[in-house]
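Sharing a structure with you now.
Chain lettering (A, B, C and D) follows the sequence in which the chains are written, and residue indices restart at 1 in each chain.
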Amino acid sequence: MINIGIIGGSGYTAGELLRLLAFHPNANIDFVYSTTNAGNAVFSVHEDLYGTLENTFTDTVNPDVDLVFLCLGHGKSLSFLEANNFSVSTKVIDLGNDFRLSKDASFKGKKFIYGLPELNRDAIKTAQYIANPGCFATAIQLALLPLAKNGLLSDTVHVNATTGSTGAGVMTSATSHHPWRMGNMSHYKAFGHQHLGEIIQSLKQLQNSFEQEVLFIPNRGDFPRGIFATLYTKLQSDFESVVKLYREYYEGEPFVKITTNAINMKLVLQTNNCFISLEEKGDYLLITSVIDNLVKGASGQAIENMNLMFGLEEATGLKLKAQGF
Amino acid sequence: MINIGIIGGSGYTAGELLRLLAFHPNANIDFVYSTTNAGNAVFSVHEDLYGTLENTFTDTVNPDVDLVFLCLGHGKSLSFLEANNFSVSTKVIDLGNDFRLSKDASFKGKKFIYGLPELNRDAIKTAQYIANPGCFATAIQLALLPLAKNGLLSDTVHVNATTGSTGAGVMTSATSHHPWRMGNMSHYKAFGHQHLGEIIQSLKQLQNSFEQEVLFIPNRGDFPRGIFATLYTKLQSDFESVVKLYREYYEGEPFVKITTNAINMKLVLQTNNCFISLEEKGDYLLITSVIDNLVKGASGQAIENMNLMFGLEEATGLKLKAQGF
Amino acid sequence: MINIGIIGGSGYTAGELLRLLAFHPNANIDFVYSTTNAGNAVFSVHEDLYGTLENTFTDTVNPDVDLVFLCLGHGKSLSFLEANNFSVSTKVIDLGNDFRLSKDASFKGKKFIYGLPELNRDAIKTAQYIANPGCFATAIQLALLPLAKNGLLSDTVHVNATTGSTGAGVMTSATSHHPWRMGNMSHYKAFGHQHLGEIIQSLKQLQNSFEQEVLFIPNRGDFPRGIFATLYTKLQSDFESVVKLYREYYEGEPFVKITTNAINMKLVLQTNNCFISLEEKGDYLLITSVIDNLVKGASGQAIENMNLMFGLEEATGLKLKAQGF
Amino acid sequence: MINIGIIGGSGYTAGELLRLLAFHPNANIDFVYSTTNAGNAVFSVHEDLYGTLENTFTDTVNPDVDLVFLCLGHGKSLSFLEANNFSVSTKVIDLGNDFRLSKDASFKGKKFIYGLPELNRDAIKTAQYIANPGCFATAIQLALLPLAKNGLLSDTVHVNATTGSTGAGVMTSATSHHPWRMGNMSHYKAFGHQHLGEIIQSLKQLQNSFEQEVLFIPNRGDFPRGIFATLYTKLQSDFESVVKLYREYYEGEPFVKITTNAINMKLVLQTNNCFISLEEKGDYLLITSVIDNLVKGASGQAIENMNLMFGLEEATGLKLKAQGF
């Protein structure tokens, strides 16, 4: 059993981790750290776990756990690790964005590996520290990696992606207030979203020459879960060859499904899957990529990384019933 | 023109008042009072009014307006009126619950009239002070008044009603957080909702002997607007006679529509209408009552009261396009 | 491995069965029968199963399977069984309502057992034929069984329950048309829903003297999944004793959770759980019961029955990540 | 009073016309034509009009009405006009797409004028026949006309727009089925939507040299009403000058509002307004355009055209309370 600590236990990604770990055959939840909820049952916050998980929140860390998941607000992971010492063998998976960029990835002489298995599987297997990708970044990278791998990104990339309201977290806000959000749509941080850094870093990792613009409009959708992303760029090869490259790139991947049929976002909700649809539109390749922002976009992918780091079958605990409707 | 001041201008009921008054042919919005937003354009808060309404929030009241609408939190109207003097002729319509019960209705020697036109139209016409009914209370009373009028409430009344999230106001909260509320349902204050007081008071006004229980479960619905209420009680007369009594009670009413067909909540959204459907179910009379909580349940009814108080045709400014879908 | 055939494979309950069986460790999907889709991939209809399930629809049944799930429209199971012969040992679980009432439960000399494990577990274990309960019926019975067991149902039972749109099935209709349904609420079949028969039958099974009315208003909710039911009846004992009886009745049950805290519908979505909340309200006991209509209300419970019939641990394949949000 | 006939009276655009015309001070609804509903009350289909509109559907046209609105399916307006003769002075507003393109716009020697008031106001005023613009086409053209007017469209135009489910009409379909659509997102007809023709025609009308690509992805949104469109193209002038050109172009327009603040779709629901937000993003101009697809995108604009054709103030009957929430 992997002995696990979860830091920042009251947020959405921690809740989703707990829902997944509760039924993971190799996971033991050693402690769930939350200073504000210390002493309370975990199910007092994540109420669906009533009767499933008996843990209590604590404000004390066990430094000897095998693995720590950091589910803190962006920017708080580094300071937490500086203030809390873990054993030399404790592994860390950070769900925040503190360590995703190479320039920020060093900590006490060790390097955080960017935890996108479809890009860095081998490095993840031997890593001690993992920076788990962002949700938008996951959907967008999976849509583009095969092009980058084959040097086919040589024109502007246009991205429009819509996220569910869980993407904004458990803290209430005006744009997550139900009367405002339901039946509404809006965008934010157009052309300037913070995930662009990790996206471009990964594309350059595969296609060193990549210097094109990625024009990205993120939208707030009227649903709690999911990311629906459409991307297009000029085709640099014939369409059939491109489809073949996608199928080759993702051959054997447990979670990425390539199709040339129309897809919709609900197909992947509650699963760790990413569905990618490819269409030829005149001179352009249109790519549609859908994930569940809390699963493949956060906690499911974190467990996928855990499985790889501990030598387990990658899909362990991640064979999840799709939402359907 | 009626010169109007609005107090508590940044909430949902104030916003809805402003949307309605913007096109009311006899209304002039003299001032919109909000201490937190003083100096800002009204459309900076109620953004849909951009280009429609040029007013600016103020923290100064004009004591000489013809009419003041109080859109403060429940419990704050009394203290506001005590702290602010208006001219002796200024009329007041309070959208809060401070003055709805007879025992609380006196202020400086004058009495607040309970502003349900279908119950108190004549008194409203000559009133200076109006306590505007609560949203649930409006839907439920309109469903029961004809029975009370005819002395036919002699058994327990069962009420189940669901409200939209705007009913909880503009302040964010865990149960109005979009990820939690969308696709969800829950109840609150079952059997103990604060509107029971005004409901029972009105029923007794028409049927002095009324001593039955009103068992009321209020639900939080997954929609921003509307109230869907079902009620049943034992039939004390044959069904056809009861339908006739309802039609008689509401004959000539501009906003209440009686039917024996099935209805649904969206029929009345964005209007000041109340649709009431009557069905015979064995020994029981099943009543379905639907309103828009912000219009007939709050700001629309407040304007209806204003029209009555100022001698205007009751539906002035309230001939509103229904939402449809 | 249990060799399984699914009849009526293109509907919602069949889809949900397939999503669950795809990861069930003891299940082998032998065939999925659908005359309209014969020859097509199962994922062409249940698209989320693309990459997960490789079956193809067929219009030929294999009479030697170990188990057949009938997912036909209500009223069609009997005629299907009459027209198709299975081996003498083939077990049948019918998700329709043809065999739920004792008077209809005989088929070729054998009796369909009503498949509510919390009521009939032992009989289910040895049954060959199971009539799987209705969705509303499941939520309502689980809320009332402990009272019936202890002879405490001696007054009218009031039930108000709201279902998601999947409850109306995959066939399009005016009341499941998105523009009409979203943001809407309505009721149907008030006081006359077809599930009342099986509910009353079960209550009488435990409390033979039960002769009270069950007044049930079913509502159409603005969400795809879930049932939110509130029930009340006069308390026949002190509240603490009643809570104790509920805890005793459901002690050791894998899926029913008793609480005295407030609950909401989303707590159980995507799981086979039923959460039941108990509250004392004056002379009344208020019971809130929530399930996922497609899981505990249909396909999950069908698999629970399968597990019992084949001697498996009851929760096999049913340890499901809750939806959360 | 304008004597009006409505053809195709049972669909969504006819319903919205009726809701608007019911309170229009200069409109008399002479007849509502529907072969399938002839003899039934209009409110039997458009149920919210119960108590508001007393008309009955008919299958007989009155050829002497002043104005006919055609609310038929796309492709059916021409055949209807060929089969039914109206008086020489009867005006026609077609809400379908039969006559929108110049090449299709001639009928019996007269020309249909493309009814976008912000483009063709003067021609509309004297027109007998109007082709009312499509919903997406309206949102997109209003976002681009000032650029075309000033010759500033000299690079590819990228458009991503999401529509509510009413855009797909009253007929049920798999992609408008509530269980599928709620909480979902998908695209259709990417790069090939039928509204591109009218959009490009209008842009060329103002900028004859326009030869750029318009890359348009239409999405199905999880809401009944509204269009949310984002567009970008390379800035051909400094941003402040461009904002000035937009303000000049729309100066005095009753329904188009220009801002440089963030906007969201709900701001315009239930109104005839179009809100347009302009932002500078590096080398690009980002334009956000929102309308109500049934009002400014269909029936509201049709009435705007009627007002112009009959010499009324353009906003008559169109001063509509915004939805708010």
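Going forward, contacts are C-beta pairs under 8 Å (C-beta built on N, C-alpha and C of every residue); 3 or more make two chains touch, one makes a residue touch a chain.
These numbers come from a predicted model, not from an experiment.
Colleague: Strictly by the touch rule at the top, which chains does chain A share as contacts with chain D?
Modeller: Touches both chain A and chain D: B, C.
Colleague: Using C-alpha centres only, name the chain that sits farthest from chain C.
Modeller: Looking at centroid distances, D is the chain farthest away.
Colleague: Counting C-beta pairs in contact, which comes out ahead: A-C or A-B?
Modeller: Answer to which pair has more contacts is A-C.
Colleague: How many angstrom lie between the CA centroids of chain A and chain C, rounded to a whole number?
Modeller: Result: the chain centres lie 34 Å from each other.
Colleague: What's the distance between the Cα centroids of chain C and chain D, rounded to whole Å?
Modeller: So the centre of chain C lies 46 Å away from the centre of chain D.
Colleague: What whole-number Å value describes the gap between the mean CA coordinates of chain A and chain B?
Modeller: 46
Colleague: Name the residues of chain B that each touch 2 or more other chains.
Modeller: Chain B, residues with two or more chain partners: 12, 164, 166, 179, 182-183, 222-225, 263-264, 266, 325.
Colleague: Given which chains touch which, is the overall layout a line, a ring, a star, complete, or other?
Modeller: It is complete, because no pair of chains fails to touch.
Colleague: Which residues of chain A touch chain C once you look at their complex with the stated criterion?
Modeller: Chain A residues touching chain C: 12, 15-16, 19-20, 22-23, 46-52, 164, 166, 182-183, 224-225, 257, 259, 263-264, 266-268, 270-271, 273, 275, 294, 319-325.
Colleague: How about chain B: which of its residues touch chain A in the complex?
Modeller: Touch residues, chain B against chain A: 12, 164-166, 170, 172-174, 176-179, 181-183, 222-225.
Colleague: Sort out for me which residues of chain D touch chain A in the complex.
Modeller: Touching chain A: residues 158, 160, 162, 179-180, 182-188, 190-192, 215, 217, 219, 221-226, 228, 230, 232, 262-266, 269, 279, 281-282, 284, 286, 288, 325 of chain D.
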